[in-house]
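Consider the two complexes below, in which chain A is the common component and chain B and chain C are the respective partners.
The block that comes next holds the complex of A and B.
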């Protein structure tokens, strides 16, 4: 008595809350524009060129890798575009085109696709790529040299270089409000602190990033920077300075929170963020590198699988 | 369908359906010519078949494949057996589907095998005749020699979203529930009866005479496993959780009515939700085919639509339009082909939504990685596969739209059948 009408058969549940990876990607993308657009206004067409080239080549690398590995095309989830955006946010506006293309190759292919694509990357792809670029061509990330030909209405010196070379006294003259409003040089999307904070809070409220990580990261920065500056106020700048310079806000809201490379349980998220923040300040203050955010994030990415072993006990018969 | 809230920081809140002060009387489905029953045994296993096409069946008759077979179904209406066929259910479980045609021949009358026994209620005759009643009462815990049943829990709250069957009985028929509980206590010799109801029904439930406990309105708090853990284990220690027999309010009403009238009540209360989202309470005899119910509301099915027997979180989608109402069908939901959400095989992105939503703290993100790779034993040993209470929430919130629940079910089934095979070979 079968008739020919074919009904859809699938497994429970038959409802879904409608979330999808692409909507998360587009929200992160939009939130990042809050910092990228002011950055582009500050640095002009060169910055627009870097951002667009970075996004475009990130998508193309993913497409190319999908093609040669004969896997379904995954650029529709928007993750490649987000990686391109994150990468561009960290670069100076004068980055040459070949460095951008190489950077997106490292991010998308080496950072993500060879591990199996979205969700399988052990490190934040954009952070990994920028670190590789930084180690390979350290001259590219000398912000003072890179942005030499710009004419700004504020002191055009990378603040972290100042504090590292000349101690806390050299950065006393920088007002925190100016730093927050982007009156400093740095990466295209890393200097306008207000935009990063608004974007980050938006993402936290919408649940697209895990607030525990961002808050713990910032708390780590504050605690460590405070400790250093109390111990030696002439050499080490205060917590406010560390909060609004370098990649700190970008790292806290956009980089450390990347899904696949960060923990998901409450206590691990807090530890993960705290270690990230503390390491950042330690690398800045007593390490050889100028900014510690990227190295700190790579290290916490590395300990993430271990941290996530700290988990609540399952309730019920299995235990 | 309830979508993700704008502020994703808050956990998704799925609330159980609450019926109003005076619920509408259920729409009765009558004049159904053909009914279909499932017997949990495949025709091949019966050996020398007793059941034949053309056999007369009386209303309320117990139908078995062979005279001494344990598995049985109860006919809601009389008639002649028109067809006996194989039916494969979820995870390959084998059933026999028996079609009874009531249109041919005269009325064969009512079966009186139970009527004689109803004068002397006992656990044995309840188990032998009442398992096919609406609400699917399960008497097997009482026959388990190793675990002694210490308490009877009657669920007046519904297990899944959108369903209102049990609430309907608590609100409209608390007297029948009291009769049923008293009877169950008498035949089992257990005095500890607990009635679990949603908060808004606490007052009504008070007159049942049983201990009343309430559950939250938020899914999945009325899940039997969670009731056991949160309400009972907290009071009486972990050992209490071991020996509990669960009955639905509907089943208790039916048991009470069966013994007091000597007739088996076979009308099942179902919430029917059509494509336009309208909800109606329906009363239909067990065995009523799907299309008879849908035609009552002028609903037509098109290619690609989905019909769900049970709630939206834990139900089963059916593949034929004549699928019958079974003793545990609490809801029938029709979804338009356009509303069917596709599942994908995108990898887990580790967003952690499932972990925040899991009521029993399973590390779903790790579990699903193992399950996708087929590492079922590791999943069970290290990532609490068997703690899963099968509420479906992880799959509801999954951003990658992975069919997590299906993976879990398959893993459990595979491990259990492996264990069963080992035991038979040992």
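The block that comes next holds the complex of A and C.
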């Protein structure tokens, strides 16, 4: 006789490490500070303004949506604050206030709340928001133009523009150690590679992000960049360059690993990360865009439900 | 921590961040320096990042070297090509500010007469010359006459070699890297121009209509 008991199962993510959402958010928030604080030191009060306004307005948009939709206030889980922080990390320090406010609206309301809130968003909200800003106001993300008035002790040209426009020879003089230590222009929290790596490793060790996704993403970058570089070393920069420039490290540790939009099983996570890394380099090298990380992450977010179909067989007859 | 306390903590964070953000934007926003550090020259063919500080301080170029024209505000400057050419005595600008044409080599070394290029020759200014590609035909090259591609290459490579800066003669990929991107951008404009039969459409002499530098 059939058991008529029906179990209602929600969709992914199912991974749970036993802690509250707020502790996960606060750990991601603190880990991101390792990259954001050096960015603020480099760009000064303007960067502090972007970061704080982004966090504040992300929380306020969520609060406003909760109020309008008559749902319980959910800002206490800290997810909106994390989204605001992630968004700010990708922005140049000179981003106008209206772009920050618009960006957090896209992230929190369009990217998350209208899909049902935390856990139901198909795309990483911050990535979706920055991509909308980028498509709508491309000038905002011309880092060369945005940071004209800053005096640096290193070459103040966005490295990915150099390699895209002038080939691998133009970036030969850039030291990987300098790039890792943030001696490059870019997003407020996207250039200090050492901080991103330390923060990412901390989150992996604590189980807040899945190491499979981050490592596979970076492996995809390395393999694809190596392939291009071997095929045409004068035109395409090497894997080390792609690893430490643009949004690569931010994407690998903080963006691609977002729970709701990434897979939960081992093989899907590896495929998800690898595709993301490979697509990133392909978009950079043969696409029209300067950086490919954000578009690559949106695409792997899109295939995430399909990847989740690759799963272990459930135990039990006839299931 | 209870949900209530979490709500309080995030609310306080939002208020503090909002106050700091508004203060930074209103009172501590970065001001433009009196003397520019870098400038972005807008150009339909791709913007040009100009390192003003390096030219002024590191290279020791005096202000009036570039800012000697215009209304005295310094807003108007000479074109980059006014300095960045090989030998002013040998090279003349041709077909716009950007091209460097070796007039002496063509007239004295190769023995061309004035009317070979200036079909309507005037004593005052010589009159407009014919386009290079009237003689330098695409894909046609012999011991006396360079093909069109090589003739254009010579305009750039001569300067680069003289200044000892890359790209040089064998660094093809350095200039021709973004070929696919260039084609993509070109087609965005040219396809429409061709459809409407108006404006530059990638034909002879059309390049300078968009690529002002």
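Quick note on the criterion: the second predicted complex is superposed on the first by the 298 of 319 C-alpha atoms of A that agree within 3 Å, B and C clash if a C-alpha of one lies under 4 Å from a C-alpha of the other, contacts with A are read in each partner's own complex, and residues count from 1 in each chain.
The criterion applied here is as follows: a contact is a pair of C-beta atoms (placed from the backbone, for glycine too) under 8 Å apart; a residue touches a chain by one contact, two chains touch by 3 or more.
No experiment lies behind these values; they were computed from the predicted model shown.
In the overlay built on the shared chain, the residue A:210 is in contact with chain B alone; chain C does not reach it.
Legend: residue contacts after superposition of the two complexes on their common chain; A:226 is shown touching neither chain B nor chain C. Contacts of A:299 after superposition on the shared chain: neither chain B nor chain C is touched. Of the two partner chains placed by the overlay, only chain C lies in contact with A:286; chain B stays clear of it.
In the superposition on chain A, contact is made by A:77 with both chain B and chain C. Look at A:234: by the touch rule set out above, it reaches chain C but stays clear of chain B. Within chain A, the residues touched by chain B in the first complex and by chain C in the second are 20, 77.
On the side of chain A, the complex with chain C involves touching residues 20, 22, 44-46, 48-57, 59-60, 63, 73, 75-78, 80-81, 93-94, 97, 142, 144-145, 148-151, 156-157, 164-167, 169-170, 232, 234-235, 286, 288.
By the touch criterion given at the top, residues 1, 3-4, 6-7, 9-11, 13-18, 20-25, 28-33, 36-40, 46-47, 49, 53, 166-167, 171, 173-174, 177-178, 180-181, 184-185 of chain C touch chain A in their complex. Remark: chain B residues 1-4, 6-10, 12, 83, 99, 161, 225, 229, 301-308, 310, 312-322, 333, 335, 337, 340-341, 343, 346-353, 355, 359-363, 365-366, 380, 384-387, 389, 392-393, 395-401, 403, 405-406, 409 touch chain A in the complex. Those residues of chain A whose C-beta lies close enough to touch chain B in the complex are 1-3, 5-21, 24, 74, 77, 116-120, 204-208, 210-211, 259-260, 262, 264-265, 308, 311-319.
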